[in-house]
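Labels run A, B, C, D and E following the written order; every chain starts at residue 1.
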Amino acid sequence: MLGTGLLQGLAVTARNFLGSFYDRRRFVTTQYPEQRTALPEAYRNFPFLVCESADDPMGTLRCVACQICEKECPPQCIYIEKSKDKKPDANGKPQIYPAVFDIDTAVCMSCQICVEVCPFDAIKMDQVFELAATDRFGALLMDRHALAKPNSYFQSIHPTEAGEVDSRLLAARLAAEEKARTAAAAKAAPKPAAPKPPAAPSAEAPKPSPPLA
Amino acid sequence: MNPSGLPPLASLPGPQIRAVHDELHGDLLELSMGPHHPSTHGVFRMVVTLDGETVVKLKPVFGYLHRNHEKIAEGASYLGSMPYTDRLDYLCSMTNNWSYALAVERLAGQAVSERAEYVRVILAELTRLLNHTCLAGFLLQDGGASGTPLMYAFREREKILDLFESLSGSRMMCNYQRFGGCRADPSPAWLDSARALVDGYGRFLDEYEALLTGNEILMARTQGIGRLSPQLAVSAGVTGPMLRAAGVGYDIRKVDGYGFYPRFTFRVPIGADGDTYDRYMVRILEMRESIGILRQALRDIPAGPILDPKAKQRGLRPKAGEVYSRIEGPKGEIGFFLISDGGPNPYRYRVRPPSLINLTILEDMCLGQSIADSVVILGSVDIVLGEVDR
Amino acid sequence: MSAGPTDAHLLERAPFLLRDWLTHALPEPLRWFANTLIAIAAILAIFGTLFALLTLVERKVLGRVQNRPGPNRTGWFGILQPVADGIKMLTKEDIVPRAADPLLHFLAPVALLGFSVLTFAVIPYGRDLVAVRLDAGVLYFFAAGSATELSIFMAGWSSNNKYALVAAMRALAQLISYELPLLLSAVPVVLAAGTLSAPDIVESQGGFTWGFVPHWHVFTPWGAAAFLVFFISALSESNRSPFDLPEAESELIAGHLTEYSGFKYALFFMAEYFGMCSLCGMAVTLFLGGWQAPLAALEFIPSYAWFALKLCALLLVFIWIRATLPRLRMDQLTRFAWKFLVPLALVNLAASAFWSLSFGWAGPMQALRWAIGIALAVGPFVLLGRRLGAGIGPRTYRYA
Amino acid sequence: MNALQLCLAFSSLLFAVGLAGALARSNAIIVLLGLELMLNAANINFIAFWRFSPSSAPATGVIFVLFSIAVAAAEAAVGMALVIAIYRHQKTIRLPDATDLKG
Amino acid sequence: MSAALAIVALATLGSAAAAMLGRSLLRSIFMLAVSWAGVAAFYMWAGAQFVAFAQVLIYLGAISMVALFAVLLTRQSRDEASPPPAALRRAILAVVAAAGVAAVLLWAVAHSPLAVSGSLAPATSVRQLGFDLMGRHAAALLVVGVLLTIALLGAVVLAADGAQERPGDEP
C-alpha cells in the first residue's frame, strides 16, 4: 500500500530520535573543546625535531642537517641550512647542525615521508593539531626553536615507536662503544678505558632505519 | 571486456532533445549551476538550459580544482607521489594508494608480502563501504532529505575512518601503501575492532535500507530517471557501479583478479534498467558483498611481514618501461599509467580517474529530465572533484 | 472576544480575568478597542514566542533524529539560540539586488507575514477564546491563506534571479494545486458540523461515546481520511518537506529566498512558521476537537492547554516528517495533488454525506455503517495509491 | 448624494477604468483583466442595491454576486487558456497582431 | 461610514488605474490584486462578509494566480516598450470612450430617484445563505457547477493543446 515505505522510514527516524538519548553507539558526538577523543598512537600531524634534552634543545638536536628530508618532502615545505661550523652533539662528537631548519606548516601535508626517510630518527610526527593562528605567514612557519621537542615528549605521544627507536639507538650506541672499546684495547692496551659515554644515547652511528631502505 | 551482444556504437541513439533557442522570446532559461552551488559536490559547474523545468542542454564545466597533479608527479620521486594520490579521490585514499603502489610494483618488479595483500583487500573493501555509504547519503541529500541519511552515513563512516586513523595515522589522507606492502602492520587489536565493525555494519545497512530503499518518494524520484544504456556506458568508458547498474557485469576484481581477490567468494550485483535507483541499489548490494569479503579476509589473514625490508622506497629508479595498473575502486576503474626512463621520477604519469570518465555522460543522462532530477543524477554518478580535476 | 465563560473554574477563565483586570478602568467604547488590541498583542506575543521556540525545537529534534545534540552552546541547552539568530538576522546587511524590483522585493515578506498573521484571527484557542468570531470563519481562514501565494510569487519574481523565478513558478503551481484538496477536505467537516464558524465546529465535536471516545471528527472514517488529506495539503501549503520545492536547496539554492537576507529573510522565516502554526491550528480545530479534552475526566485542565498540546503535537509531526523524507519532484507534486488528493477528497465528501445520512442507523446497521464508511475511506486510498504508484516499486537484482 | 449613490459612482468609475484598460491595451492578458474589473464593478452594484434598496429580498444580491464571481473565475480560466493557446501558435499575445484564427 | 467608503473606493480606483496604465505586466497584476482586495473591503463595509471572503479567495487566490501563470508562460513580463502611434491613438480613443461612459453613468446615478431605505438590509448569515443556495437557487447553483466544470475542462484542453510538441510547457 502507498505509504508503507514512508511509515517504515518514520519508524527508523523515531527509533534514532529515542536512541540518541540512551545509546552511545547512536549518539556519537564528542563535545570538542571540553571533551576530547583519545588520539590513536599512530595519529600524525606535523613534524617536529627530536632533541635529547629539554634544557638545551638546540645543543642536543639529533638532526645533522643531512637534507634528505628536504629533498624527499613532496610539497617541499622544509628548508634547511647547514651550519658552517661543527658543534659537539650529545655525545661530544663534532657534527654539522642545522643553522636553519624551517617547516612551513601551511604547506606541509602531514604525509610522514620525512620521518620515513630520516636515517637519524631526528624528525618525528607531532600530535598537536590546534595550530590556528591569526598570522598566516609568521605563525605557521615554524623554525627549529619551535620545532625542537625533547625525546621524553616523543616517548609520551608515540610510546611504541619511541621504544623501538630508543632500543635501536641504544643497540647502535652499545655496538659503537663495543667497537670503540675493542679498537682502543687493540691499539693501546695500557691506556685507560674510553671515557664514560654520556647518559643520552648517541646519534653518532648513522644507520638506516629498518622500515625503509 | 567483451561487449558481446551489444550493438555497435553507430546505432546508438543520440541525445534526444537539443536546445532550440527562440531568439524572439527567449523561451529557454539558461541556468549556471555552480561552481558555488549546494549540490554540485564541490566546485563543479553545470550550465543547464531549461525549457520550463526540463533540461534540454547541459554543459558540465570543471577544472576549478585543477592542481596539476600529474605534472607535479613527473617531477617528484616515486615515493613522493604517494601522498598526492590520497588527494585525488579524498574519500578513497586507500584504493588510490593501492592502485599507484601496484603500478610502481609492476614497474619495479617488486613482490608483495602475503599479509600485505590481505590488508590491502581489507582496506579496499572498507573504503568501498565508506564510499558507498557516503554516496547514498549525498544522493539522498541531493534528493532533498534534510540531512538525516547523510548524518547516519557519516556516523558509520566515522567508525571506518577511526580504523584508518589508528592504522595509518590519518583519517582521510592515509598515505598507507608502500611499494611491496604497507607502511604499518595492523595489530591484533586493530583486526579485532575491524571485525567488530564489519559485524555491526550489516545491522546498519538494514536500518539504512529500512529508511530509504522502500521509501516511495525515493523510488518515485529515482526509478526511470537518468537511464544509461549499456551500449552508451561501454562506449563512453564508464566503469564501476554505474556500469554494473547499466547491466554490464564488469568488475575488475573478477576480470583481472588482482591482489588476492580470486581467493574470496563474492558476487557482483548488476542492475537491469540503468537508472538512478539501480545505481543506488547496486551500491547497497555491493556493500553487502563487501561485508562478505571482509569477513573472509579478516578470518584468513596470515601472520608474517607486512613489508619486505629490502623493498626499496626512497631513490627508486625502475628500469625503463611503461606500465598501467588498475583496480576496482569504489567509483570505478582507478588506474595509473607510468612510463619510466630509468630516472628517479616517472617520465610520464597519468591517472585514469573514474569520476571524470563517468561524468562525461552526464548530459546524456540528464536530457529530458527535470532540473531536480539532474541534481540527483549528478549525485548518483558519484564524483569527487579532487579526482575529476586532479 | 466575548466576555468569557462564567461558570468555568479559575484557570479556564484566567485569560479573560487578566484582560478584564487590564482594561476595567477604561470607559466602555475604549474598552472594546483595548480588548481587541490585547487580543492582537496576545496572539502576536504567543505565536512569536512559539516561533522562536519552534525554530529551536526543530533544530534540536532534527539533531536528535540525526544523532547529534543540535544547538547547545547558547544558554542552557541552547535556549538562547533563537535570540542569537534574531540578533544575527537583525544586524545583517539588507541586500537588494540592483536589478530587483525594490518595491515588490520589500513588500513580499511584509505581505506574507501580514496574511499569515491574519489567519490567526479565527482560530479558537480555547473555550470562547477566539479573536474574531466570524460567521464564515473557515472561509476567512482559507481566503487569507490563499493570498500568501501572491507574496511568495512576488518575492520570487521581484528578486530578478533565475533560481527565484523558477521557485516562484513552482510556488504558484504548488499552492494552486494544494489549495483545492485543502478546501475540499475541510468541506466534510463543515457539512457535518453544519457551520462555517470555527468555534461552532469545535463545539460540535464535544461529548463522548461510551464516556471515553471523543466525538472528534478524526475518529470517523471520513474524518480520518479528510484529516490525512488536510494534513498532507497543509504540509504542502506551508512549504514543508517533502513538499519544500520552492526553496529546494539542492537545486534552487534557496528558491524565492535566494536574494533575501537579514531582516527580510527573518520575516519570511517567521511567516512560514506562522503559516505552519495556523494550518496546524486549523487542523486541530477541524479534526482534533479543537480545545476539547480527550477524556471527560481530563476536562479540569484548561481548554487552551489542550489546544496548545494538540498544536504542538502536530508541529512535532511536521518536524518529524521533515527529518525523514526526501523531496518530491515538481510534476510528481502536482500529480499527487490532482490525481490522488483531489479525488480522495471528493470521494470523501460522498463518504461524509453518507455518514450524515446514516446518522440514525442503530444496532447491526451501525456496524454496517462503519463498514461502509471505512470502505469508502480506505478503498479509494488503496486504489488511487496503486494507480499513483504504478511503475515504481522495489526491485530484485541479479548477480553476474 | 446618499450612500447608495456613492457606491454606484464608485462602481461606475471602476467600470470606466476597466473599460479604458480593455479598449486601450493591446496585451490580451490586460484586456482580460480589464474585463474582470468591469465584472467587479457590476458586482459592487449588486451589493449596493442589496444593501441599501428598501425592498430587496433577503440575500438575493449576495447570491447573485456569488454566481457572478464563479462565472468570472470560469471566464478567467478559459481566457487565460486561450491566451496561452494563442501564444503557442502565434508567439504573441498582442491582440492587434493575433488576427489569424487559424493556428 | 462614508469616509471608509471613500478611502476604499480611492484605493481601489487608484490601484486599478495604475494597473491599467503600468508597463510591467506583473506589476499590473499585483496592482489589480490590490484593487480586488479593495473591492473585497467594500463588500466587508457593506456587510457582505461571505462575499468578501469569496472575493479574496477567488480573485486573489485563483484569478491573479492564473494571470501570473499566463504572463510567465507567455514570457511577457515586460510589455511593449514604446507604444506605436496606432496604439497611442487607440488608447486616446479608449480613454475618451471610457470617460464618456463614466460621464453618462455618473449623470444617471446622480439624477435617478434612488430611494434608500432607512434601515440597512440585515447581514445575511452563512446558514441563511446556504439554505437559499440549496433551496431557491438550487437550479442556478447546478448550472454554475456545470459551467465551472466545462470551463475547467475547456481550459485544460486549450492550454494542453500542442503539449506533445512542446514538452515541459505545461505546469
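In this section, a residue touches a chain if its C-beta (ideal position, glycine included) is under 8 Å from a C-beta of that chain, and two chains touch if they have at least 3 such contacts.
Source: prediction; values computed, not measured.
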Please list the single chain whose C-alpha centre lies closest to the global protein C-alpha centre.
C
Weigh B-C against C-E on C-beta contact pairs and write down the one with more.
B-C
Most remote chain w.r.t. Subunit A, using mean C-alpha positions, is D
Rounded Å distance, subunit B centre to subunit D centre (Cα mean):
62
Whole-Å separation of chain centres (CA-atom averages), subunit A against subunit E:
80
Between subunit A and subunit C, centroid-to-centroid distance (C-alpha), Å:
61
Subunit B residues counted as touching two or more neighbouring chains
25, 53, 148, 152, 155, 211, 213-219
So subunit A residues touching two or more other chains come to 2-3, 6, 9, 12-13, 16, 26, 28
Multi-chain contacts in subunit D, i.e. residues touching at least two other chains, fall at none
Under the touch definition given earlier, write down the residues of subunit E that touch subunit C in their complex.
24, 26-27, 30, 33, 37, 49-50, 53-54, 56-57, 60-62, 64-65, 68-69, 72, 77, 125-127, 171
Could you list, by residue number, the parts of subunit D that touch subunit E in their complex?
1-10, 12-27, 29-30, 32-34, 36-37, 40, 43-44, 47-48, 50-56, 58-59, 61-63, 65-67, 69-78, 80-85, 87-89, 93-94, 96
Using the touch definition up top, name the residues of subunit A that touch subunit B in the complex.
2-6, 8-9, 11-13, 15-16, 26, 28, 40-44, 68, 72-74, 109-113, 116-117, 125, 210-213
Report the residues of subunit B in contact with subunit A in the complex, numbered from low to high.
76-77, 79-84, 86-87, 148, 152, 155, 158, 162, 165-170, 173, 175, 183-184, 207, 210-219, 307, 309-314
Mind pulling up the subunit C residues that touch subunit B in the complex?
62, 65-68, 162-163, 165-166, 170, 241-242, 244-245, 248-251, 253, 322-332, 389, 391-395, 397-400
